[in-house]
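Two complexes follow with chain A in common, the first pairing it with chain B and the second with chain C.
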Partner chain A sequence: MKNKFVKAIFTIALGSALLTSCKPKNSSDAVSGDAAQKAYVAPGKYDEFYNFVSGGFSGQLSVYGLPSGRLFRVIPVFSVDPEKGWGYSEETKPMLNTSNGFVPWDDLHHTELSQTNGEVDGRWVFGNANNTPRIARIDLKTFKTAEIIELPNSGGNHSSPFITENTEYVVAGTRFSVPADYDNGDVAINTYKENFKGHISFVKVGKEGEMDLAFQIVTPGVNFDLSHAGKGKSHGWFFFSCYNTEQANTLLEVNASQRDKDFIMAVNWKKAEEYIKAGKGKKQAVKYAHNKWNEKTHTATSEIKNEVLVLDAAALKDICYMIPCPKSPHGCDVDPTGEYIVGSGKLAALIPVFSFDKLMGAIKDKKFEGEYGGIPVVKYEAALHGEVQKPGLGPLHTEFDGRGNAYTTFFVSSEVVKWDIKSLKVLDRVPTYYSVGHLCIPGGDSKKPFGKYLIAYNKITKDRYLPTGPELAQSAQIFDISGDKMQLILDFPTIGEPHYAQAAPADLIRNNGQLKFYKIADNNHPFVTKGEKEAKVTRQGNQVHVYMTSIRSHFAPDNIEGIKLGDEVYFHVTNLEQDWDVPHGFAIKGADNGELLIMPGETTTLKWVPKKVGMYPMYCTDFCSALHQEMQGYVRVSPAGSSVPLTWSVGTNLPKATK
Partner chain B sequence: MKKLLLTVLALSLMTACGKKEKEAEEYNPAADPTATETTAKDPSSYDPKRGEGKFTTVELGATLDQAMASKGEEVAAVKCTSCHKMTDEKLVGPGWKGVTERRRPEWIMNFITNPDPMIDKDPEVQAQLEICLVRMPNQGLSDDDARHILEYMRKNDGVK
Partner chain C sequence: MKNLTISGLSKILLLVTGALFAGALFVPMWQIQLEAPQYPEGLVLQLYANKIGGDVEIINGLNHYIGMATLHTENFFEFTVLPYIFGTFGLISLLLIFVAKRKAVLLFLISYVVFVVLAAVDFYRWNYEYGHNLDPNAAIRVPGMAYQPPLIGYKQLLNFGAYSIPDTGGWLLTAAGILLFLVVLKEYKFTKNPQS
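Moving on, here comes the complex of A and B:
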């Protein structure tokens, strides 16, 4: 009797203990007890992964550590950054040149790490400019934007910068179809169907990363949304999702949501290469900028190019095929084997999964249901592997863990759903806070995912952080996906809109030959000052060039007289340090642009046009040593026509004797 | 009896999440970055005559090698003389006059190629740091650069 009683109490006690100690109740305690341990990286320890997060409307790219969510660096890409002098120093201005002139801002949506044999290789990360269509390549030895190429015939470069499995190409697809740059653009907007065209771009990537717009494919006017390359068996193909196959030009919210199915366009780019060899491409007159950073001269150059090779998808029948895909497909993701193509109809309540083998069979057997703008449309069922039924509301994007599972984000129902690619069964779901867009699993769009963490990038945070007025932080959330169930372990706020991100193992990048400083002997900047002996000031008319050096903790020269109103002064500052982590800064009063941050061994130029007579202090802005606050100097500005001679010095302009 | 129940309750509370905690340790193998780089820092092993670095003995010629000294002067103009004068006057760091008489050649070559550990360990360098307050930067000198600079210092000290 007593024993039975004890057993009953024991059972209740154990049951309630289990329930109360671990079960999540609501959003604030959806985190179980060991989450902090999983995300904790002790002081002085390194993270396991680098996370390259697009800055969305900030135009930049941020670098975080995983699983700690610590921010390491914001790399300026498409937007000016006065902190780093990006777009302000004379050397960086050409990087932001376009066929529309200097463009100081853009909207960076997607990042893509370079790959070799379908695996992340740690060489470069690419980013797309959504507004003034461009692709950037960021060098992961220097964490600096090395190259930017503009895309003609495009409006809104969204389905970009996705790559083929050996980084043969980085692609772009126009979000807005527009009249081609080589056609007349001065047409009525409601002639969309007749005059507006889509162009998708294939940009060749060279061995050293240099980009070259190899060709474009012209398609009917639609909105291209996202894309991913085939891999393994489907290498040689590229898949682009598109919506607005209704070809609406106004109130797209309603008018581009009419059709039951839009398309995923499958592009046989190896076939396109064959057609080019056979001379089937047509050269068209366009204008686009190609900007390159030179590590030896520490200077960017911008070249305007005038021609692009265009292939016509309707005329060359076997390059492009349309696969019907329900309701405005957004994400277009290919699994690690290259067999399954996941389309996410953002207005659909199911996820269609296509089979590459079935698609090839359908094309071979001509299982077409018709044409769209001259492009064959494959029968839906003929290419379909199956549908994930009732997975959630508003499927957007899918990544993979390499263990046969797919993870799809649901914007409307704010959740991530894990499902089995082959059986299409839903295995697990977790809420996100709130309205998740993209997700990232390290290597999650490659042949070799590192399926340990999943990061959800959320559009809305509402009540998740301390309030900061009307504009709130956007955020990422890290889940541990190493077990059967996904487990939330950390929230972290991000810069701009964290639109999409990719991640790579830390060792792959930190052991890639990281540059620690620029060798001063290799500095070929036209205005380099190799040692204080060469420090000087020269005048050519009203242009004054200051050849200046910085070292802990003084400038040479630090006293300059003889500058006159009307002069344009160029401070060419060479950082003579030859050690890691010793940048110097440079700022001068009244400069109407940014500061300079000069890396060890680098030369950087600030243009300064003084507007008033007087004394102008200059100083080092990057705390460099115990005598950093002493790292300063003066520039004397005299009236136009003054007879004050041009002089410069360091350490010799001693106080005038007083009487 | 009550005691037994409490113990059971406490045990069940402890074990309910215990397994996960153990797993968490396995999930956190963030590579220890310092493990490979940290070598035994035994200050007693520091040799203040030789310094610390790759140079143990440096053979000096009886007379000056003019070509080496000229190369040394060129390198010094880019990497050293922003902070060091040729006289005994301090600029950012101490003047070079007499340095080859105060220091052994291997100490000089070790210090200019490997300053950070020596600043941390050498009592005289630490005393110097209290005066200058700027740690001498590592200027990325090659072995040859260092040897050439040493020869230039000898020239500055009157070796013919």
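Moving on, here comes the complex of A and C:
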């Protein structure tokens, strides 16, 4: 055990030494003359690609343009965002509901664009929550999180949200195996081998995108890491990398690095569907939240579901097969033809490439070397197409350019290596600054990559940018890969920590029917105010509802009196504008949550509980017009039991109240 | 001279003229295009025979800054009578095919020209009215500034550039006028004493 540990340390040290030795003296060494021209998008011109980048520990999804690297928008997904009222407005709170109640933060690692026939189609982008396992669907007409589904029996939803070639399913695999929610979880941690189970989830995606947890497959307890669907000839299969097949429950960096080979688990999901039709699934009692955004009511609903269908990978034959893969595989990537499956062992010094045809042959001829927890283990050589020899140190992820080339990132040796899928020859290598994790080629995990740019997402930036104290920016680096040699053309800092990202041609999304504003006539919010004449304030006990409108450049009402200490005030603000790019904001002094940003035609609610008697200003926070600074009002708060009547107005001074 | 009938060609032209008048009922006659830094895509006000179209709501929203009255179709009696006028013009054009007297065509052309002049005066009057009759409590008051759009052509109004030009219907009506003129020209100039 100690020997392995020493070896690992030595490998990393060696890697770091290599990294320093091949580091150019300064960045200009790595950038050639026409790089700026290639990344330059003139002011007012559009980028060629949208880049949907995971925010990592920010929990959000950022949208950049390629090749300029300009940030367009940060879409709040799993973390609250007071700027946009996400998780603070009454309407958005249910989106972050889980079986553990309201969860304000998560860790979004991977993005995946919806596909039709294996090609990116520009309808939705999915994201995973790593901490409290969930999958989100973001609508690309509104760039808004439309749906979030929680995953039971899981801990650390890492191998997600990867999809099948017609977006039939979006999958999830538990990183932490845990005792199932339908079993007793109150067991000793060192009973991992008997009590801890892995569950991988298949979430059905409907025509309108609606998600439904169709089934889960229970496996021996391991760590599932990443996954990708088969495509073309391998459509119907899904491949999940897994590590910790040692089944350690402590000090995994040593204890889960013991075996020379862990596995890529091949899942025949069409077979699983057959078993379900035959009634072989078992309904298990669990609890998970399913949250949906309604564009007509501008409100989310959260439903707690109580049941999931579970298939047993050991009992039901021919669903799962294990392919041995060296040294704790991380990335698990399938080439555009669907024939080659690339496993990346984090500690390996080679890249194994498996052949789907050979795998099918091996299964047919039963070329097995044994079983793992009741699942047949295919002989390594029987499924192997070949190994890329000496590619670099610490391979992590691979994407494809559609021209027969693969591009793999190396964390330890901090580089991207281009190699030929068929001949397995290394063709080119470029350094990254520093320690690249994921990479993205537009359409790079689909049947149809747009192999013009490659973006590397780096974990360490050290001396790359002006220093900002102990915490430094993470970065993305864009390479032009249209020629034989990869060429660095730009790097830029990112929000949060970027993990996986996807990109699609700009026109595909720009012309998908982008929504410019919500039609006020279609607004079915229960507290909508469709015109200033309908503006009012009502009281039910200590609940006060303000039906408020905003239009350039005033609120109606903008004077409110008769609020008393102990009241809960709900400002239901309807933006009456019916034009593009005219949001209004709403903020009131002392609010202990966030602001509202209300899109044209939308109604949004801020709950406000005043804590002190006095005069409270409110104002528009989004610079809406030349008279934005005039868009303001007052709320008078009186002591509990005060006789000041509830009154409201706009444009006229209220008669002076006597008390 | 008195009973001169018009030629076959002129009858065809009159048929086309009738169709042009009918067509003008369905497409905007006039447009005022507005451009500003904040509206790179532009805004447009379209005047149909029977209504105001285009980005009326947005323009009304903007006009409150300068205190201009909001535009509503029902505030203009013109939109109730114009469809009948164009309809009548169309019918007259067809009728003239059967009447087939060149003098009648000449009379129609003269009355059409008078109508156009009156319409232009009316349009100017409304432009003046809306451009000058401003709410004294408006947020933006520029001394001496009026917001009257040009009768035809371009004018800068604060941050907005206004282009007042015919729309499809306007061109159809123009074509109708030209055709009528051609008929008159042909019958009076190029047809010599056909019956005497």
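The criterion applied here is as follows: the second predicted complex is superposed on the first by the 625 of 659 C-alpha atoms of A that agree within 3 Å, B and C clash if a C-alpha of one lies under 4 Å from a C-alpha of the other, contacts with A are read in each partner's own complex, and residues count from 1 in each chain.
Here is the rule we use: a contact is a pair of C-beta atoms (placed from the backbone, for glycine too) under 8 Å apart; a residue touches a chain by one contact, two chains touch by 3 or more.
The structure presented is a predicted model; accordingly, all values stated were derived computationally and were not measured.
Per the definitions stated earlier, placing chain B and chain C onto a shared chain A by superposition produces a clash between them. Contacts of A:Thr652 after superposition: neither chain B nor chain C is touched. Contact with chain B, but none with chain C, is seen for A:Tyr46 once the two complexes are overlaid on the shared chain. Once the two complexes are overlaid on the shared chain, A:Asn184 sits clear of chain B and of chain C alike.
With both structures placed on the common chain, the touch criterion links A:Glu577 to chain B and to chain C.
In the superposed model, A:Gly531 makes contact with chain B only, not with chain C.
Between chain B and chain C, B touches the greater number of residues of chain A. Once the two complexes are overlaid on the shared chain, A:Ser643 sits clear of chain B and of chain C alike. In summary, superposing the two complexes on chain A brings one listed stretch of chain B into steric overlap with chain C, and the stretch in question is 117-125; the others among 9-17, 27-35, 63-71 or 117-125 show no clashing C-alpha atoms.
The residues of chain A shared by its contacts with chain B and with chain C are 551-553, 577-579, 625-627. Contact residues on chain A toward chain B in their complex (touch as defined above): 2, 6, 9-10, 13-14, 17-18, 21-22, 32-34, 37-38, 40-42, 44-48, 452, 480, 482, 506-507, 517, 519-521, 530-533, 549, 551-554, 556, 576-579, 582, 625-627, 651.
On the side of chain C, the complex with chain A involves touching residues 57-58, 61, 65, 139-140. Residues 551-553, 577-579, 625-627, 630 of chain A touch chain C in their complex.
Interface residues of chain B, counted against chain A in their complex, comprise 1, 4-5, 8-9, 12-13, 16-17, 20-21, 23-25, 27-34, 77-79, 81-83, 91-92, 133-135, 137-141.
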